[in-house]
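Working notes, structure below.
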Amino acid sequence: MINGMKALNRSLRWGMVGGGGTSQIGYIHRSAALRDSNFTLLAGAFDIDAERGRAFGQSIGVAADRCYSDYETMFAAEAQREDGIEVVSIATPNNTHFPICRAALNAGLHVVCEKPLCFTAAEADELEQLCAEKNKVIGVTYGYAGHQLIHQAREMIAAGQLGDIRIINMQFAHGFHHEAVELENASTRWRVDPRFVGPSYVLGDLATHPLFIAETMVPDLQVTRLLCSRQSFVQSRAPLEDNAFVLMEYNNGAVGTMWASAVNCGSMHGQKVRVIGSKASLEWWDEQPNQLRYEVQGEPVRILERGMGYLAASALADDRIGGGHPEGLFEAWSNLYRRFAQAMDATDRDDSAFLQDFWYPGVHAGLTGVRWVEKCVASADAGAVWVDC
Amino acid sequence: MINGMKALNRSLRWGMVGGGGTSQIGYIHRSAALRDSNFTLLAGAFDIDAERGRAFGQSIGVAADRCYSDYETMFAAEAQREDGIEVVSIATPNNTHFPICRAALNAGLHVVCEKPLCFTAAEADELEQLCAEKNKVIGVTYGYAGHQLIHQAREMIAAGQLGDIRIINMQFAHGFHHEAVELENASTRWRVDPRFVGPSYVLGDLATHPLFIAETMVPDLQVTRLLCSRQSFVQSRAPLEDNAFVLMEYNNGAVGTMWASAVNCGSMHGQKVRVIGSKASLEWWDEQPNQLRYEVQGEPVRILERGMGYLAASALADDRIGGGHPEGLFEAWSNLYRRFAQAMDATDRDDSAFLQDFWYPGVHAGLTGVRWVEKCVASADAGAVWVDC
Amino acid sequence: MINGMKALNRSLRWGMVGGGGTSQIGYIHRSAALRDSNFTLLAGAFDIDAERGRAFGQSIGVAADRCYSDYETMFAAEAQREDGIEVVSIATPNNTHFPICRAALNAGLHVVCEKPLCFTAAEADELEQLCAEKNKVIGVTYGYAGHQLIHQAREMIAAGQLGDIRIINMQFAHGFHHEAVELENASTRWRVDPRFVGPSYVLGDLATHPLFIAETMVPDLQVTRLLCSRQSFVQSRAPLEDNAFVLMEYNNGAVGTMWASAVNCGSMHGQKVRVIGSKASLEWWDEQPNQLRYEVQGEPVRILERGMGYLAASALADDRIGGGHPEGLFEAWSNLYRRFAQAMDATDRDDSAFLQDFWYPGVHAGLTGVRWVEKCVASADAGAVWVDC
Amino acid sequence: MINGMKALNRSLRWGMVGGGGTSQIGYIHRSAALRDSNFTLLAGAFDIDAERGRAFGQSIGVAADRCYSDYETMFAAEAQREDGIEVVSIATPNNTHFPICRAALNAGLHVVCEKPLCFTAAEADELEQLCAEKNKVIGVTYGYAGHQLIHQAREMIAAGQLGDIRIINMQFAHGFHHEAVELENASTRWRVDPRFVGPSYVLGDLATHPLFIAETMVPDLQVTRLLCSRQSFVQSRAPLEDNAFVLMEYNNGAVGTMWASAVNCGSMHGQKVRVIGSKASLEWWDEQPNQLRYEVQGEPVRILERGMGYLAASALADDRIGGGHPEGLFEAWSNLYRRFAQAMDATDRDDSAFLQDFWYPGVHAGLTGVRWVEKCVASADAGAVWVDC
């Protein structure tokens, strides 16, 4: 149970790039980072419009002289300060993630970044290498993965409660973009513009979430080949897809499926992961994240509830309130940020023992997603054929 | 509302091949046929063991001299009687469906047959041609398709309530055969033996059900190509699959997916069909057949209930009891048999006007399934590649 | 598994009073009785209009001379025949149940009767006594109670899996009569007319169902006192209630609640029984009768499914098809009629050993309901005060 | 959409009594108050052990000299400071709420207090009068009532979408205290000790929550009389009840029921409110607070989702993230605290126009609960008889 105690005996000095104004994503970053005092917001380049960014920063308590016009200026200026920021969060359009990440690492900062970290496997490799060189952490905000019952699943699978893993079905399939809402809605427009989001829409924007949740649950499996079929049902979105199906084969003989969609009319999120083993299955749904279905063949289905004593210790550690009370996405993000703080602190202390078994979505997780999307797009563009991974 | 009134002003003279003893499938055939007096059971070759079959037939009221040792004898003898059977139902192992169907048609009988009708497209063509020549009906027992809300979906889709159809997701994925239960359980053994079931297990046994439900809902779409990946997680079942995924493309640009599995641990039936259009989606689940989800994008999800006044007339016509009271699979089968009686009677009367728009799973539906399985197996065996349909 | 085998080595000679034409209730009686050949329909006084009744009877295969104008004639005439009926089912308006039951018993017939058997405890006592004198069975069609999972609950409670029983919450609360639909709908009109239904509407028509289900689950408990508050939200129904709440105290210290309503807008049936013990709870809902929730405090909720091997033998005995396939209300009724046949046959054979532990809703169950309604009305009419039972 | 913007152009100077250490309730108070910077935590008497309280206060950033040993000292000292606190939150055992509230109001502070505010109607009247005299706000933390869909219900009911309100069913029935867990668990012990919680357990601790939610949904109704039956299934808890049922009559002819329980084995929270009108019903469940069932008689059930454009403006105003993403209890509390800040600010400004229609759970709401519990206990102790309200 967290109860507001800090994760560390210090609070990390923190800045932001983007996320100003009424940005929904900026708000959830701040909510998560500031919760429990693991981070202190000291600086920011909050907006592409410098004046607006400065006004925003001050409105939330950032000193005027630490509200910067752009990230380069911020990184340079903060590096000069004794009390300069140690960590920066990046909440800007996707196409800027890579250069800002690289600059931040080069400026000696830890990074928290929205996915995707970048658009190509080559960029991904560069970031991973840079993290290693600079001994820095990139925390990737696969926010859903902070929900505790995903970690319950991870424990149960590791303990063999499912038997051999055979099938993983993943989906993130909402209906909000069933028609060309981007014509009227600026906040959707950039999501379907390749200049901002790279080579894919729903594969990158949606599918990488349940993909990472599945990786968290079943960390040992590797995709060996995949096949992707993608569609642009709203034709103006082509070549970006608003719907896609992916078949995957894993190195242990298991198979996987992914359905990503923004045209699944009537569905809210539709993000689900079902892992099927030779004895039992587990299923988690992000719209009811406090429940986990556990289905042993030949026994009644069980519905596990967050916060209950029968869960694994690791699934209880991040609770903020007792079972029965619903926790939501803000808690899941807070759990991530708390873990980012712990990982950054341990990295600063070169505490490799701590880091060895410590779960958080780091640079490698981010890169796995980027590479997976790249393979999917290659498969789809070749006519939905199998490609090796 | 049916209320037990006969569909016709006569009752069809009916016989059975197989389905004797404690056969579960034989029982549901009899329950459905005899309900509401649309058929009268007069003859049978109920068992491969002639004595046992005769004893069984008599126990359920069939005259001793019309309990036959085999179907050939029955067809010949009944053809000699003034009051000989007009229709025969075939409830035998899959590998015998084709010869018995052919013999029945040649003997001038209408047929009710379990799916699959046969194992190859060539056989399928032969049966379809024979039906036309002999002016006979084959009713195929896609039993689930008799549930009324499937026809509500059909009406709503025809009326354009979903807009353009974009995606059809189908699944029939249970967990009952997650391990080699066939070693202990004779009633499962034949299902995984190619000598009895032909070239596939779950594709033919399970997938053809939701495939036909989807065809019923969206009759205009044609699969143009498909790709199938199949697995034998219980290795002793190879080459028959106990799990399969199929991707499909339709002639209107829509895409489809099918998941068939007998190793989906913890799931009871898991038979679902979700049809997604440009405006709305519909979803039906065979374990709760009295409900139909209707999800218009931008509106609250609606859950339609069987028997309610807001449904289409065709979705109310087959009700046997008011809304709220659950109907089950026996009613769905009864609806099919009732329609088989109507189709056979209209065929006898050459009432093509009646038949033109009259829905029932006939020979063509059966053959579509056979062809689809054949294509799936071809795709899978070639390495899960696309094949044209 | 039933599989259509008869319960007995004979088929009971059966007649009906009422239930002709398009009567929904008549149809479900016939469906249930004729299923599996436990009864043979030989006679009837199907309609208050003798001609219409005769026409109906013949249309469903009853001999013309055994289609009678009224029940008195039928009972007299059939008593003269060697092959006269042994059992009669009564599917007439409530106010006629008592005289017809009495006449049938006096005519030496077993009876199947809709609830309520009568309107007063005095009448109830008379019927119970008459059954004993004549050595006859009255089977009461508490149809829902035939669902198998209710018997699973009974077994689990008897085995102590819930611990001491503390609370029983019952409800049957639909919304179909939220306004004065009886003005337009004749089939509702008699239900809210005291001349036909006696001193109550929803208490007698609805509440007695979950009351009996609870009695079936927890047979040992006796209500010691109760308090009933009833309302006529559609005022024209007064003094009959369209909504009622009842509090009950049981002889073991447990408490119970009942909610009966016809004005619960938007609800289909809303028939549920939840039994809470010191260790665990069970909950059953008639709209999804193939599932039973089992909730052990401190463990994940389990959802039991009909037909599964983990159920008690008595909960599997009445299955007609494997788990996963939904059975519905027609099967529940068929289970009752099958048991009625067994009870009647055993009574004819004076097989008291068989009858001792054999469950079916008999005259005593019917009378318990009548007495309970009488107490509820007395409580309500005195201002919703406690009355001893 | 809130997006972290402050509700006011100032941040209220805030202190706490109690809630230190690992207190779960203290944490949710701080999370809610500090979110969005509507309050700044400046002082506290966090613990009955002064040293522990001081250490805790400093650990979360409160200046050492403003960590007080007790509330009297804090109120006196802060009143002397120019920058003294304006508001105090009370998160102490129930029996201390009344004296601390009174002292705080007398010290010129606004108050946020856990329910129950006090134990008797006389105390309640005194607090209400004192608020009026001092022109101060008491915000009562009926935390669940901050969920947005409750306000959607309020709007729909006010707009007549349900027709006349007829029935309100309320429950808060968990199973966590099914046995005497208080023997081992200190955090439960005080809840069942009359010295700390006054004359009731589940009525005060649980029932007042759904009672207030129902008041929020249907503000016009007044309870005119009620009847309460309460039980101590764990006998050592007597005279405090661990289960209770209440029947209520309202001034418009509607009726209500309440079920409060700590022995509802297997249930997590079981907090639900169902409001039934002459046309439609609404149902809300605190474990899935992002959904609201809307059931119009004769139409399919609709499931409304938080964040969707079809909701009322007042149900969207407090959103922090888009629909589909689950918000949880922390957001509901944050909504309350935000509204407390707005009410306090408007009260300071004597902005009665703002306050007139502004919803928040204030002193009157708190007192309604106290009076209701008092009546329930009186009814129960007199043998579960009706008492006027």
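Think of it as A, B, C and D in the order they're written, each chain with its own count starting at 1.
Simple rule for what comes next: a residue touches a chain if its C-beta (ideal position, glycine included) is under 8 Å from a C-beta of that chain, and two chains touch if they have at least 3 such contacts.
Per UniProt, the chains are A, B, C, D = Gfo/Idh/MocA family oxidoreductase.
Nothing here was measured: the structure is a model prediction, and the numbers come from that model.
S.K.: Comparing centres built from CA atoms, which chain ends up most distant from subunit C?
M.R.: Ranked by distance of C-alpha centres from subunit C, the top chain is A.
S.K.: Name the chain pair with more contacting C-beta pairs, choosing from A-D and A-C.
M.R.: If we tally the C-beta pairs in contact for A-D and A-C, the bigger total goes to A-D.
S.K.: Rounded to a whole Å, what is the gap between the Cα centroids of subunit A and subunit D?
M.R.: From the centre of subunit A to the centre of subunit D is 35 Å.
S.K.: Roughly how many whole angstrom separate the Cα centroids of subunit A and subunit C?
M.R.: Here subunit A and subunit C have centroids separated by 56 Å.
S.K.: For subunit B, which residues are shared contacts with two or more other chains?
M.R.: Counting only residues that touch two or more other chains, subunit B contributes 176, 294, 299, 301, 305.
S.K.: Of all residues in subunit C, which touch subunit D in the complex?
M.R.: For this pair, the touching residues of subunit C are 162, 166-167, 169, 175-176, 178-179, 227, 229, 231, 233, 243, 245, 247, 253, 255, 257, 259, 261, 263-267, 276-281, 293-297, 299, 301, 383-386.
S.K.: For subunit D, which residues are in contact with subunit A within the complex?
M.R.: Of all residues in subunit D, those touching subunit A are 1-6, 22-24, 26-28, 30-31, 35, 37, 59-61, 174, 176, 268-269, 286-290, 305, 320-331.
S.K.: Spell out the residues on subunit C that touch subunit A in their complex, using ranges where they run on.
M.R.: Within the complex, subunit C contacts subunit A at residues 294, 298-305, 308-310.
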